[in-house]
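One structure follows; several queries about it will come next.
We just call them A, B, C and D in the order they show up, numbering each chain from 1.
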C-alpha cells in the first residue's frame, strides 16, 4: 500500500541463442520494479542495437519485434523514473558509441554525486542528451578510456557515489556491477550453459535458470566467450536498502541469501512479539502486507482473513475523475469485506507508513464496515528521513514518523 | 486459475449530473468481467451518443473524453467476447435508432436461440451489422414496436431464451432486465437521489452508492423522471450460474443476497468436512482459490500460507515467446515459494478444474519445490458439460471430470 | 480553389486473383474524391469481410493487411462526409447480413428522400446504426426481399430519389448502379478478363484496365461467374453534375465520353471568346484552374504563366495556429511569384466562385506582388442555388452570384 | 520527377511571442525539403525544450502541443535522412547540455569529414548516441569550450568540411551559420521586430516576414537581445548546389538573389536555344519540369500544354502492392492525357535525368498515348558524378550520363 516507488529492474544474458525472448521474459518477471518504460539491447557480436519505449514490457515488444532482434547476448531494463522525467530519451538501456565501439547500459539505483560528475565531464567537453545517471556513467567510462571496459570500470567505481546495480553490454562482453555497499540487488544465474544477470531471482525462476550466487558488493563480473571473470573492488560499508525486503522486491525472490516472503513473514512474527494485541482477526493491506500478516497470524494465533478486496486494474493511465463533492480516493483501489470485518476487533498489517493519509482512510473504511476495534501494525521501522539512493520520497517534514 | 472466461459487465445510472464519470468508475470496478472492449452511452434527454473501443476502460477513456460526455443518464459495458469476434463493431453499448428514437443496449449473457431469432428477423427484412446477441435483441424490440419500450420488452421476454442481464438507455429512460431464471447477476442501488444498475455490488461500493436490492429474475425495472417502475414477467426455474460464485464475480460483491467471498470460504469449509486430510499447510492457487483456502484453513485448523507468487502483469497483449525445447507455460504466471513449501504436506485449493492440464503442472511445480505430499481440493462440483449460457468452455470430451 | 467538396469515390472488381491490391490502387487513384475515410470489402465466394477506417487509403492499408484480404472480388470506397458525420461507423463499404446472405455497399451521391425512406423503414421495424444513405439503401434492399438482389434493385430504384452511383458486392455478384439522371459518374472496364467498376476512368488507367463504357443512367450492371448482365430501368431527365467537369473529377478522367481536361480547356477558350481582355499574362489558380487557363491562353494568344506556388502539404490534420493580429489564411496555401506578375496586366482563372471571400484575398495578393491590373475569369456559370445532390454548399444567401 | 532527394530544411526565430506557431508555419512551408521527421526546439530564456518525431509537420504538432511550447525564440527542422537512418533518435533539432548550458542545433547539409571528426572526438572521450552530423558538430562546439558559442563556431568552421547551413539556439542566442562555399541556402528576414532565419524565402513569405538578405558564405549571424551581430570567417570557393535551383527549392523562393522559378524558366529558354526542335506541343513532367517547360514554350513559341496528370497523394507510407506479372511503376504517379498528346510531336521537359529508367517509361507512355514524336529535354547539365554534400545519389556507374 506504500506510496514509495522503486526505480528499475535490470537483466542480462550472454551466450544463449534465444537471448531476446529470454530478456523479454526476464523483464516481464521484473515488471513490478518499473512500469514507465522498458527496453532491450542486443548484439550478435558485430553490431549492437536497442529497442525501447514508454510503457510496459508487453506493450513495447511483440512476437514480430522480438523475432527481429538477432543475437546471443542482450540486456534489458524496466524503469520507474526517479531522476529524469519520463520521456523516451530517458528510457534505457542507453546505447552510446565511443572509442572502443558500442556500449549499452542499464542502471538501477541513484548516484549521489551525479551532478558533480556531470559538471566535471562537461567542463572538459562532454555533452549530455538525457538527465539520467546512466549517461553520466557511460561518459565516465568513455573518458577513462582504458584498454578494457573492465579496467575503466575499476577506475569508475572510485568516482561513483551512491547506489548502482548496473549491467553493461558491448559487442563482446556482458558486465554486471554492484556498488561497494550492495544497496540494490543483483544476482547471477545460468541457463543452458549461458550466464544470466538479474535484479531479482524471480527473473531466473521465470526463465528456468539456475541461481548461482548474488553479485558481491563492489564486484565487477565480466562474461565473455572466455567465460566469467570477477574483479572485486574494495567493498564499502554494507548498506542494503531495507525497502527491497519490506516493499519493492517480489516475495518469491531471494536477495543476498534471504527469501523476501520469509523475511516479511518474520517481520510480522516480530511485530506480534513486540506489539501483540488481543483481537479477532488479522488482515493485510494487499498486496504488500500479506506476508507480514501471515507471520503475525502464525505467531499470535489470531485468525487470518482477507478484509480488503483490491482492484487490480489500476494502471498508469487510470484517471480519477474530478467531482466537486466527493473524493473517491482509496475506494477505487480497496473495498472492505463487511462480512469478514463486522463486529470484530481487527489487526491491520501494512508494510510501511509514509505520510499516514492513506492509513487514516483505511481505518475509517474498516470502522464503517463495522469493525469494533482497529489495530494498525507496520512492518517497516519508523520512516524518518528522505532517501538519497533512488527512492521517491516526500519532503521529510511530511513523514508521519517525524511528526 | 480457471481457464473459463466470463463475458461481460453492465452498468447504468439515471439522474446524476456526474453520469459519465460514475459510469467510468462503475465499469472500472467491473473490469474483471471483461477486458477486451468497453463503452459508455450517454444522453442529456435530447440526444444519445456512444464512445466505445477495444481495450480496457482506462485505455479508452481519459479526462478529456469523459468531460465531453454531457448528460445525466448513461449506461456502460465491459466485454470479453463469447459470441462474436473481438472487433470494434461488436463492442457495446450498441446504439440504434428506430421508430421511437434512439436506444443503447448493454448485454451480459448468451441467448440460446439467437440464431433462430436472427433468421426470423432477417426473413422479414432486418439487416445485421454485428454478430452479437445485443443486435438481435435491439431488432426484436424495434420489430415489436409497442407504444413503450417497456411493453416491447414484456413481449420480448417471451421470445428470448437463455441468459441475459441487460441495461437499456433511451433518451428518457433507463431500463434493467434480468432473464426469468436469474442466470446472470444484476443489482439496483442509489446515489445522491439517482438510480444505479450494475452487474455486481462492487460497482456500487466503488462509486459510493447504496445497495437497494437485486433485480429479480424476469423483472423489468424502468427508471425515468417519474421514478422507478417495475414489471414482473413470469419467472422461470431459478438457475443461477454457479461460476459467478466460484470464479467470475469479485469476492467483495454480494449476489442475490450472498457475499461471494463468504460463499467461497464456506465452499472451502465444506471441502474440509467432505475431503479432510492431515497436512502441514493449506495454500490457494491465487487469486480465485484464496477465499476457499481460508475457509479450508479455518475449518481444518491446518496452517494457512501463500505457496505461489502470481505475476500480475499478464495482460491481453502478453505474448509467450516460442522456444523449441521449453514450455514456459505456467512458470510465467506462478512461481512457487520453496521456503513455504519445502518438506511439507500441502493442501492446494483451486476454484475449478477444466481439462486438468494446468493442475498437473502445478502439482509438478510443488513437488519440485520440495513438497512432501500434495493434496488437491477443488471447490467447484465436477465440471462435466459444456455451458450454453455464455461461458467459453472447451469441447466437453476434454473435461477431466468426464474422463 | 473552390471550397466545394465532393463526397465519394467507388470502385469494384470481380474475378481477379489480385482483387484487394487492385482495389487499393483504384481507390488511391480516386483519393481526390474523398480523404476522410476509406475501406475495402472482399469476398472469396463464401465469406465477405471488410476493413475500413478514418484516413487516407495509404494510411489504412499496408502490405500486410492487403495480403491478408483473400478473394477475387472486392469493392472499395473513399469518402468525404456530406451526410453523416466523420466517424468510423459511417465509413464505407457498409456490410450487412440479411436474409440472402451478406451484402457490401459503397455509395457516391446523396438521396433527396433519405429521411422519408428511413422513417418508412423504421415504422415497420428497421433499426439504423449510422446516419448514411448507404444504410437506408441496404435496408430497402433487405426489405424488398426479392429472389435476386438485381430484382430488389429494380424495385429499389422506384423509391430512391437523388444522386447515386453505387457498387454492391455479395458473395457471388458485383453490381453497379447509376441513378436514372446519371448525376454521378460510374464507368466499366476490364482487366485480365475480369470486370472493373469505378467512379472515374483514371482508376482504370492506374491499374492498367481497359475502358469499356460508362454505366448508363438508370442501368444496373451485374457481374458474376456467368459474365455481365445489364438491366435498364426507365431513364430520368439527363442531369449531370456540372461540378464533376468543373472541379471534382481528375483532368485525366473521361466522363460520359468527354475528357475532363479538354472540357475545362474548352471552358477557358469560351471564356476568352465571351470575356476577352487585353492583358500580358494568363495565370491559373492551381490546381483546378490550370486546364481552363491553358484554354484561355490558347484562344486569346496571351502568354501563359504560373503566378502562384501552391503548398501541397495542406492536409486534413493541418492546423492554422491562432494569432491575434494576423490571418495567415490564403498565404499558407498560395504564394504569388512576384517575378512573374510584377508590372503586368494579369488574367486570373479559377474554376468557381462561391462566397467570393477567397478571391478577394487572391486579387489583393496579386496587387501586392505588383500586378498592374487583375482580371478575374471564372469557368463555372454563376453559382446561385444550394445543391441537394451531395455537394457541401453554404447557405445560398451567401453565394456571391446572388448578391 | 527526379529520384534525387534533398535532406533538410531549417528555421529559426528570435524575439517573437508567437515563436512556436511561426516556426510551425515556417517548417510547413519548408516541408518539401524533408518529410521523414520534424521538430521544434524552444526557449523562454531560462529553459530550452524540444519536441520532435517521425512524420510530417502537421502530423507531429497540433494546436495543443504548440500552445504548450512557451518562449519567444525557437528553431525547427524538417528532415529527409541522408546520413543516419530514419529513427526518432536521429530527428532534429538535436538538444544537448554542455558546459555553457543547453544548445539546440538544426543542420542542412553533409559533412565530408564527419567520420574523421567523430573518431577524433571519441579518442578523447566523447560518446555518440546518433549517427548524425549534427551530433558531431555539437560535440565539437562543446570541446572547443570557448567563452562564447560564437567564438567556438569561428574555431569550428576551421574543422568542418562540407555543406552546412545550421541554426543553433541557446537560452540566449539564435545563431545562423552557412559554410564558406555557400553550398546550401540560408536567408535572413524580419517580422514584427524579431529576426528570422530560414532555408528558403518561401518560409518568410508564408509567415509574412520581410526578406533582409541571404546569410553569406562563411558568415555567422548571432541574434540576441542586443540585436544582430555578424562574423565573417574566410570564405571558400563559391560552390552552390545546382540542384537547389534545378529541383529542390520551391519555385517561389529566391536563393542568393535569384528567383528559382525564373532561373528554371531561363534554363528552359536556353534549352530551346541550344536544342530547339520543330514540334506541336511542349509539356512538363510535373511538378519540377513546369517552370522550364514554360521557358521553353516562351522562347520557342511552341504551344504549352499539360500532358501528364500527377497523383498528389503518393506519400511516405504508400506501398506498391506486389504483383507477379505487372509493374505499376510510373503509372501510379503519372497518367498521360491522350487528348492532349495524340498525333502530336511532343517536347517533354524534365529537371534532371539520373539513371534514365523512369524517362524510358515516360517516353513509352507518351508513345502509347499516341504521340507521333517525343523529344526529351533536360534542364540539368549531364549528371556524371556522385555528390558528397548531402544528396542521395546512386552509384555513379549507373548514371546514364556516364554510360
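Just so it is clear, contacts are C-beta pairs under 8 Å (C-beta built on N, C-alpha and C of every residue); 3 or more make two chains touch, one makes a residue touch a chain.
Treat the numbers as computed from the prediction; the structure is a model and nothing was measured.
Engineer: Which chains sit in contact with both members of the pair chain B and chain C?
Structural biologist: Joint contacts: the list comes back empty.
Engineer: Taking each chain's centre as its mean C-alpha position, how far apart are chain A and chain C in Å?
Structural biologist: Centres of chain A and chain C (C-alpha means) sit 58 Å apart.
Engineer: Indicate the whole-number Å distance between the mean C-alpha point of chain A and the mean C-alpha point of chain D.
Structural biologist: 47
Engineer: Taking each chain's centre as the mean of its CA atoms, how far is chain A from chain B in angstrom?
Structural biologist: Between these chains, centre-to-centre, one finds 34 Å.
Engineer: Listing for chain C: what residues touch at least two other chains?
Structural biologist: Chain C, residues with two or more chain partners: not present.
Engineer: For this structure, enumerate the chain pairs that meet the touch criterion.
Structural biologist: A-B, A-D, B-C, C-D
Engineer: Across the complex, what residues on chain A touch chain B?
Structural biologist: That would be residues 18, 21-22, 24-25, 28-29, 31-32, 35, 56-59, 61-63, 66, 202, 205-208, 250-252, 259, 261-262, 290-291, 294, 297-298, 303-306, 309, 311-313, 315, 317-319, 321-323, 326, 328, 331-332, 335-340 of chain A.
Engineer: Flag every residue of chain C that touches chain B in the complex, lowest number first.
Structural biologist: Against chain B, the touching part of chain C is residues 88, 94-99, 119, 122-129, 138-139, 142-143, 145.
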